Every structure is written in structure tokens, then in C-alpha cells.
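Chains here go by letter, A, B and C, matching the order in which they are written, and residues are numbered from 1 within each.
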Amino acid sequence: MTAFARNQWYVAAYAREVGRELLGRTVLDEPILLYRTEDGQAVALSDRCVHRRFPLSQAPSRLDGDRVMCGYHGFTYGTDGRCVFVPGQQRVPRTARLAAYPVVEQDAFVWVWIGDRDPGATVPPRAPWLNSSAYTVVSGMEPIDCDYGLLVDNLMDLSHETYLHGGYIGTPEVAETPITTEVDDGAGIVHVSRHMDDAACPPFYAESTGIEGRITRWQDIEYHAPCLYLLHSRVAPAGAAAPAADGSDPEAFHVEVVYAITPSTQKTTYDFWAVARDFALDDQKVTDYLHANNHTVVMQDVDALNVLQKSLDTEKPGYQELSINIDTGGLAARRILARLAQEGETRAAAPAAGAAR
Amino acid sequence: MTAFARNQWYVAAYAREVGRELLGRTVLDEPILLYRTEDGQAVALSDRCVHRRFPLSQAPSRLDGDRVMCGYHGFTYGTDGRCVFVPGQQRVPRTARLAAYPVVEQDAFVWVWIGDRDPGATVPPRAPWLNSSAYTVVSGMEPIDCDYGLLVDNLMDLSHETYLHGGYIGTPEVAETPITTEVDDGAGIVHVSRHMDDAACPPFYAESTGIEGRITRWQDIEYHAPCLYLLHSRVAPAGAAAPAADGSDPEAFHVEVVYAITPSTQKTTYDFWAVARDFALDDQKVTDYLHANNHTVVMQDVDALNVLQKSLDTEKPGYQELSINIDTGGLAARRILARLAQEGETRAAAPAAGAAR
Amino acid sequence: MTAFARNQWYVAAYAREVGRELLGRTVLDEPILLYRTEDGQAVALSDRCVHRRFPLSQAPSRLDGDRVMCGYHGFTYGTDGRCVFVPGQQRVPRTARLAAYPVVEQDAFVWVWIGDRDPGATVPPRAPWLNSSAYTVVSGMEPIDCDYGLLVDNLMDLSHETYLHGGYIGTPEVAETPITTEVDDGAGIVHVSRHMDDAACPPFYAESTGIEGRITRWQDIEYHAPCLYLLHSRVAPAGAAAPAADGSDPEAFHVEVVYAITPSTQKTTYDFWAVARDFALDDQKVTDYLHANNHTVVMQDVDALNVLQKSLDTEKPGYQELSINIDTGGLAARRILARLAQEGETRAAAPAAGAAR
């Protein structure tokens, strides 16, 4: 199984999911309670009452103003996790305090920091298209019953589009065209590029852009380990001009595909998926088509990864995989994840002086 | 997990559940077959045929007079567990014998003795209201997917009524009013009392007694570890006279709430619940109301404990609880259960001379 | 649990189940892909792509002529298991090869050889009635959630017919009549015979043969460990002539009951069952009756064994069984299975020189 990289930012929810209803999520095996204060601040606390470990996200637990009250015995906590009320006595024990997780709300996501060090100056990576008026977005989240590493593998190697998503976003050229891979080990970023100059146009793009005939199709992956995966997708009629030196690219259609890959437990993963486009911004028909079509594609992955995890669960220890060129990006991602996991644990074992929590 | 206290009496079923149909129950991880002889005696035998371990409570196993015949190969046993027939041969092996459990039928319950010592003079504790013409009873049994210790915790601390059962039997005064706790370690009995002199009347009592306005409400818990929990509940209009010295208490309504808490497996529990009242004895409407309402309350506990067990199952080893004053009774119960569990095992390891089984 | 005997032939499917649709079966914990080439040859390969272990029997994996193409990334394999195509590059790694299992198609079954040695001259045992024009056959397959040893136990001791299948194929005489057992340890064959000269005719035979009144009923079991179980059943009106010296037996009805007992995982088993008769060959009503009735009988076993396995799963280690005369055949089968399991593993640890795989 893929080790968890602690002391990292993870997407716990879409901003739209966090409100005045209590929401429970499990991130890196930690149960997390999410809600929003009356003035709109997102809050992330441990989702277990200190008293008897009842989940605070579970009814009849409820919000009382900005405070959360346990539905079992009424223990009540402030947004900093400090307990402010216990039943049957005036004195609240000083140790009655929930872990409070650092939160950043950014680009339509609520990010939480999982670890025992302070994030310090570390900030989550960006996906600005999800909150930009220059783009229209469809999105969703699907839980998968698999090791999050299987989803990373899946997304880093798009040759699977030809087979698993044939007839949707895959065409023969995806599997045929070699990739180039660049790894920034220090920043923990993997780039995988596949530029197809003369390719069939899959229905996903034909229907949404209106292009007829063959296309130029660029797929530029930018994976910010551990959680954020970006696919910069550029589609233009075959023979269209390349982007200008200033970055302008009027003949092409751009789709920014964003995945947040959040490990929940060792064998369950949250698959946050979003597709932002810079064309047909107000065309609801295109929006509906892309939402339905992309959901279908995501569910093809979900079904395959659920099956794959079940298969791996029955493998004998020490089973073998065989990797080829297409796996270069995925293997680089695995190396970075292994390093991040080790760093997160190592520093945790010997916390820096002045660590905040 | 809460250790099992062996060499103790446990409720295996209501008397009304044990008849001429074979009934299987699992008590302290032991599969038990229950039935009633033609002359009405309750019998408790091991629920596994000695031949190939087929459950005797499973069809097509069946009764043949007072004998039980295995539905797989026809091995047949008498009420003492001794095998009296095997197929294909005349000789019945002498070792072909089911464990037979001592049984006491008392107060609407069938109690069985689980352990390897003889119960000797030890008798089950009493709940006489369940079989008394001076009381009317509603009752039921709900299986819970939790450690039985969670149900003991739940019942020993009634401050949870205010939160988990708010609007049913809980009012603010329950959580606000301090408790007094008395522990009789020798007898294995814990008393927890909460006397509210001026409290809101919850619907449970308003609807059944007809009291309007505020009440005096006494909750006197008497837990006979490990299995029997009694809640002596006294409700009267606020300002009513206290019970007289001779025990008479004409101005008050009395409800005897009885729980038998029977560990089935390490994470499953039988929750036998009964509510006996000394008023409106023949009022079917009150009976129906109390049955429905108490069932709802029990299911609120069942749902909460199912959730809680699932939460605890994902806790890392060595997780912490935080206990406060309201937990005094529950902690005393845990100590007694731990002692009883240890005694049951210790003596089992060195059985007294003359032990019967 | 019953150990697996490797380096043996097992029935993986009925021949009729193997065609141009991909079929996945798990035999002795090994995932196996079955299909038939365009010219009709049955093929058995490992059901896991060498790349990332995706199941080849899982859509959208599919056949391309005689080749199978993985539905995840398009890895493609020939009937010998050798990979002939990978995406994104010309060179196919030499180690990219699926295990290919020796296959024998015989008597309506597809047999596969599970083990690491070559079968050499070892051939599967025969059940020729299943493909003979002198017999009419009804058959099916039921998965059971149990150790395959429980099904072997079940079939070796037919005294259970009297109890578990009472009213279908069981009558009192089955359990009452002693058996004779012969064991050919070298060949791994156990014979158990029960000849009833004057027995009630169970509905199974009354309805299908038309016999009225009592019968002579012979049950001659011939178990070829580990996988093939034959029950030669002879039924004739009581007092009919015995078979002649030349084997002819015109006064009797013959039913050849065939079971293939294939271990799937440690606690799941494929129960292939077939009933071949030498009478009423073209009587569809008899065929329908025997199919429905035998399916009912098989499901009685399936239900009982599912229950039994669940019971055994909760037994404490070192639990005891008690065996009697009726178990002589079953115990002999267990001994042979234990020996075969040990031999399969022993030789595997030190493979003979020249082993082919």
C-alpha cells in the first residue's frame, strides 16, 4: 500500500460542501469535522468527542452558533477545539480539547493540513481556473475503495484513455504517442506531456467545441504531490497555429482538468474531479454534456480501481508488476510520494523546536 | 474491549421466546440452543452437534418430543445433552454429549449460567415487577453491534438523556443535576441517584401519567453487574409529598425500567429492555404509547452505539477518553466488570474440588 | 482448513461455459481466465495483466481474434500467454508473459492443471456418462462459501440424505444401512458402498422411474481425490435380479451422479453437479423434474454448508469433532487429500529436473 505523506495539505471538501450542516470526512485515517462559522469561516476539528469518542458529525450532534455540541452527552467546543461546556459540573477540564486543523479555502476547495508540525509558510498548490470568471466548471467527488496510489497511477498514465475510456475521451493516438516526462524532485512536481499533432477528435471534445475533423491535442500533466493533479488540455483543429510567445492561443480550446486525490483510509480515496473550460462559457447544453460525460469517465475509473483493489487484495505477498515507458510519470510520482511519506514521519518523530501543535 | 465475566448468570431470552421452536442465541461467544420440554421446562444446550458442529438451532434440525435431532446427520440428544442416537450403528459413543447450561426461569427471563464452575448457591438478581400483577409491562430486545461495555456506559450515565433523547425522556435538568454514586464492591452493585425536585416533565411521563406542569423526578439506578440494570424511576407533581416511612408513596407514579445487558460476541450485545409501571395498568393507550416511545428511545441508543463502535474500531491503539463526574457510576461498573472477569477466569484455571461440570 | 492439493487436475468450468466471452474463475486461489479460440480450443491463462494486475476477465477487457486485450492499458496476449502488444512503444518486454495452464476438455468439463510441475502423463479421471448418447444429463454449478473439505465430507457420507434431504432423496434406510469402505491409497480413490435390498423409494426415483412400491437401492461412491466424485446409483423394484456377470442389468435403472469439487479460495468452493440417467432418455418431463429436484437437493447442501462454515469460523481453535462408522469414507478422503497436498508442495519446493514450466 502507498504510505501516507503527513505534514501536507489535502483537499477535504469543496468549499460549497462546507456550511452550517456538520460534515464528517476522514483524511489520512483522521476523522475530521467540517463546518462554517456564522461569519463564513471554514473550521476543521477532530471529529471525535474527547469524552467517549462519539463522532461530532453524527446527529443529534449539532451547531450552537459557532460552537459544536456532541449529540451524546452535550460536550460543547469552540472553533479552536477548546471545550467550553460539559454536563453536570461547572469546571471544564483543561485537557478537554479537540485537535484543530489548519484550513485554507482556495480555488473552490477547502484544504486541511494533516500532520503534527505547523504548516509554517507552506501553502497548498493552486487551481485558479475553478474560481475564475474566464472559465466554466463542472465538478464532483466520487469515493473509491482503493489505495490512493492506484488513482495516482491511473491519472499519471493517460494511455489508459484509449482502452478504459474508448469512445469517450480515448482515441488510438493517445496510447500510440510517446510521452515526455520531467520531474522536479525538490518541488515534488511531475510533468508528463503528450502532444498529438494529428489525432481523431473524441466525442468529449467534438461535442463541446464543435470541431469537425482531426485535431491537434496536447495533454500536459502537472502533478503536485501528494494531492493536486492538473491536466492542461489544449485542443485545436489540426494545422491551427501554435500558442504565441506571449501565451495567447486564440485558435485553440483549453480545458483545465483538476483532480484532488485525497487519501481517506489505507484503502479508500476521495476523488475530487473538476473540468474547467475557456469556451462556450454560458452554454448550458455544453455544461450539461461535459458534466454527464466526465462523470461517466470518472465512474469508469472508479469501477476499474474498485475491481483492481479487490484483485490486489488477493495477491500473494511479493507479487510483481511490469513497468514500461508509459509508466515513467507514475513511477516518478511513487518515488516522490515515498519520500514525502518518509519526511513527514521522520520530522514527526523529532519535531522542530517551536512546533505549534 | 470489555472482558467477559464468566461464571455468572446471563439473560439468554425472554421466557416467552423459549418454546417448542428451537431458538439459537450466542452468549459470551458460546452458541446456545434454547427450547422448552413438553412439560414446560426451559432447556439450554450447546448449539453445536458433537459430530460435525452443525448448529442444532438450524432447520431442518428439530425437536422429537423432548429430544433434539440434528438436521444434518440425525444425531439426537436428550435434555441433559447426552446423545441417544447416531445413524448407522447401535452404539452411541460415550463422549457424545452436549454441554448443558444451568437454567433459571425468573421474572419473565430465562437466565443461563455461563462458565465452567457450578453456580452452587449463586442465583440471578431479581426484577420482580416484570411478573407482578401490580405492574403493567412493555418490553423488547434489540441486538446492538457493540461491545457490551458501551451499553453499560450508556445506561450508567443518564445525562445523555438530555442530548441523545432530547424531546423524548431528556430535559435540561437531567444533565444539570449532580449525581450521587454508591458502590458495593463485594456484591458487585453500583447505585447512581439523581433527584430532581423541580424539573420539566418529558413527553414520556406527561403522556403516560397525565401530569401537567413541573415534576419531582427521581432516577435511582441499581446495576447488578454484569447483566441486570434497574432504574427505579419516581415521578410526581412538583411539591408532592415524599414517600412515607413505610414505603408507601401514593402521590407518585413509579416506573421500573429493567435492562438485561447480555454480551453475545466481543462486538455484539443483546439489549433486553422492559418498562413496568404501577399506574394506568389497564389503559391500552398508555401501554401502546410507552411501548412505541420506549422503543424509539432504545433505538436512539442502538443507533448511537452502533456508530460509536464503528468509530472505536478505527481508533489507533491507546486512544484516550476523558472522564468527568457524570462518569463515576460507569467507571465503578467497569472496575467491577474487570474484577468479575478476572475472577471468572482465575477460578476457571484452578477449579474448586467437586466442581460439577 | 483443508490444505490445497497442488499439481492436480481440477474442473474449472463446464465446456459449455467456455466460449468467446471471457470467463474468470478462481481455482486454488489462482485467478484463471478461460476462453475459446476461433477454432474452438479452450484456453486457460492467468487472469491478471502483467502490467498493473488488472483482471483480464473484466470488461472492457476483450478478445481480439484469439488474443486477449487488457481493458485498462491495452496489453495484449496470445493463447500461450506471451504478450504481443504494449502501448506507446514497439518493444515488448520479454518477461511480459502470463502463466498458461494446461487444459483438457473431457466429459463436458474443462479441466485445468494447477501447479508448478508439468502434468506429464497424468490425466484427469473420467465421467463418460456426461457426454454419452446412452444417457440424458441434467447439471449445474453452485458456488458455496465453504472450505471444499466440507463438501467432500458431505458427499462421502450419504447418511445425511435421510435428514437434510428427507422427503427428496432420503429415506430412513439410508441412515440405517451400514456402509462398506475400500481405500486405494496409491490411486487416491475411496469407495463407499451402501446396498439397501428393501427400501422405501424416495420421490426422486419414484417420479423419474415410475416404480411403485419398495426398491433395491445401491449407492456406490467412487471418489477420485481431489476433484471428481462419482455416485453409481442403481435402483430396481425390490426382488429384481442382480446384474448379470457380463454387467448387463436390464431390470434396474441407473443414475450416475457426478460432482466436481473444485476449491476456489480457502473458504469458497465450486460445486459442479450432474445427474446422468440411462432411462426415459427423451422424456422432457423427467428431465425437468430431475433438474428441479436435484437443484433443490444441492441447494439444501449449499445452505447447510454455508451455515456450517460460518459456525466453524466462530469456533475456538482446537475444537473437536466426533467421528463414527459413517465417517469412514470421509476420513479416508481427508487422509488422501492431506497426502496429496503435502506431495504437491514438497515436489514444488524441489522441482524435478526438466520440469516444463
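As a convention for this text, a residue touches a chain if its C-beta (ideal position, glycine included) is under 8 Å from a C-beta of that chain, and two chains touch if they have at least 3 such contacts.
For reference, the UniProt names are A, B, C = Rieske 2Fe-2S domain-containing protein.
The structure displayed is predicted, hence computed values, not measured ones.
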item	value
Same or different contact residues where chain B meets its copy chain A, judged by the half mark	different
Magnitude of the superposing rotation for chain B and chain C (Cα, nearest 5°)	120
Inter-centroid spacing, chain B versus chain A (mean Cα positions, whole Å)	48
Touching two or more other chains - residue numbers and ranges from chain A	none
Residue numbers on chain A that touch chain C, as the complex places them	153, 157, 159-160, 162-164, 166, 175-179, 304, 307-308, 311-312, 314-316, 319-326
Sites on chain B touched by chain C in the complex	26, 29, 31, 48, 50-55, 58, 60, 69-74, 86-89, 93, 95-96, 265
